[in-house]
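Naming follows writing order (A, B, C and D), and every chain is counted from residue 1.
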Amino acid sequence: MTVRDIIERHPRTVSLDRDLVLRCIDECFDCAATCTSCADACLGEAGVPELVRCVRLNLDCADVCDAVGRVVTRQTEPDLGVVRAAIEACIGICRACGDECERHAAHHDHCRVCAEVCRRCEQACSDLLASMA
Amino acid sequence: MTVRDIIERHPRTVSLDRDLVLRCIDECFDCAATCTSCADACLGEAGVPELVRCVRLNLDCADVCDAVGRVVTRQTEPDLGVVRAAIEACIGICRACGDECERHAAHHDHCRVCAEVCRRCEQACSDLLASMA
Amino acid sequence: MTVRDIIERHPRTVSLDRDLVLRCIDECFDCAATCTSCADACLGEAGVPELVRCVRLNLDCADVCDAVGRVVTRQTEPDLGVVRAAIEACIGICRACGDECERHAAHHDHCRVCAEVCRRCEQACSDLLASMA
Amino acid sequence: MTVRDIIERHPRTVSLDRDLVLRCIDECFDCAATCTSCADACLGEAGVPELVRCVRLNLDCADVCDAVGRVVTRQTEPDLGVVRAAIEACIGICRACGDECERHAAHHDHCRVCAEVCRRCEQACSDLLASMA
């Protein structure tokens, strides 16, 4: 992830724990891409009618993780209340999407992989949030 | 806003108050576009150094409003906990961005307009959230 | 669309025909929202397996229209080669998505509405592109 | 990049050269995140007035790379004309943004890093496009 190289060269001081920030950014963008791909893989399955809820949550999760990844990436003039609310929204959708993907993990290995990524993102967001308390 | 025409023809029942949902969608997407434009107008000002915080919050607000607008638009298999957390994040960023834009309203009329749009979006989100209690 | 009010107060001169620019922005963001909603309505249909290609193109169209709407919105330091390539990509996806939605127009009225919006966006992009020649 | 793991488990056959597709996806999402971060680092510099064009192109590049990364990620029912036009738009913005970042590379190391990422993304897109001919 090249964002790490940019943030190490950033003119402003990172206000939060840098390692937790970098892990959160990395997981948010990885989760956004993975959920985009899992939604598409679900759409391509013969059994798509059973996967409608999974597609829907994947799409939400991709959109929210992408936006939150951008918010957490920005180090210039951060508003910590905004960052906190964004991370909380991300934790909520990662949990819901991870739970739904897990329900299909035995039948669709892409859902199993996606559930793991959602869990990792939820954890990275929770760890960053805890450090802000 | 054509989303209204799609939602009126949607196969699933809208689970929340339809008028509040439609107003929230409309304001989220209008706010996303307006903040994108206000960030750009601020960047084009001779006094851009005084507007750095405004640009940053405009960019966050555009990204969050766009993601939340998409989440609220989707009526198939909604997860109300996810919708609620998304709307709360949107209220937070609209308030912060509206406050910052208001500080520049006397000098930059685009910031005055943008502050009004952020207030309207914050209100539409709050009204939808209240209806979900 | 409040972007109009921002652009009328923008510190930089709009380099292209302002009415065509504003129509293009308006149609891009309306198409992005409409395609997000049509993808969701298709997902909610009992006959979703027949609508898989429609969902996929709706998702692409929403993502591309949103990005291109943002590019065209920005009036500070535009790179016309970039703007042109972005608009061309938008024309391509609006045509493909409009064609696919039209195939389902008789059975799903949301697809009929969405096809019309894709056509309008394609036309607005084409008109702006022609004015740049 | 976990998208690789999803695409290896995808129910549909990848229609293009899989390694080139995966490299393109990886570079598009890395470039989107890097440009988001470089725009923010530029905003945080004391010399932001000299970096206005750089910020603007970084924002465009982030938005276009993110949308194109999503389009290329999707393997269900691809429309190759759409994919091609999206990749061409991505090449254009990566070149323009890379050129601009390079102009500031001697003074701002984050711009040097970002220029390299833009070049890599441009190359990955060009290689995938060439394979589609």
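Rule of thumb we're sticking to: a contact is a pair of C-beta atoms (placed from the backbone, for glycine too) under 8 Å apart; a residue touches a chain by one contact, two chains touch by 3 or more.
Quantities reported herein were computed from a predicted structural model and do not represent experimental measurements.
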Going through A-D, C-D or B-C one by one, find the pair whose contacts repeat those of A-B for over half of the pairs by residue number. C-D
Of all the other chains, whose mean CA position lies farthest from chain C? A
Chain-centre distance (mean CA atoms) for chain C and chain D, in whole Å, is 21
Taking each chain's centre as the mean position of its Cα atoms, how many Å separate chain B from chain D? 27
Of all the residues in chain D, which ones touch at least 2 other chains? 40, 43-44, 46, 52, 56, 59, 66, 70, 74, 76-77
Taking the complex as given, what residues does chain D use to touch chain B? 39-40, 43-44, 46, 48-49, 52, 55-56, 59
Chain A-facing residues of chain D, complex: 1-3, 5-7, 9-12, 25, 29-30, 32-34, 36-38, 40-41, 43-46, 62, 66, 69-70, 73-77, 108-110, 113-114, 117
Hey, which residues of chain B end up touching chain A in the complex? 52-53, 56-57, 59-60, 63-64, 66-68, 70-71, 74, 76-79, 81-82, 84-86, 88-89, 91-93, 96
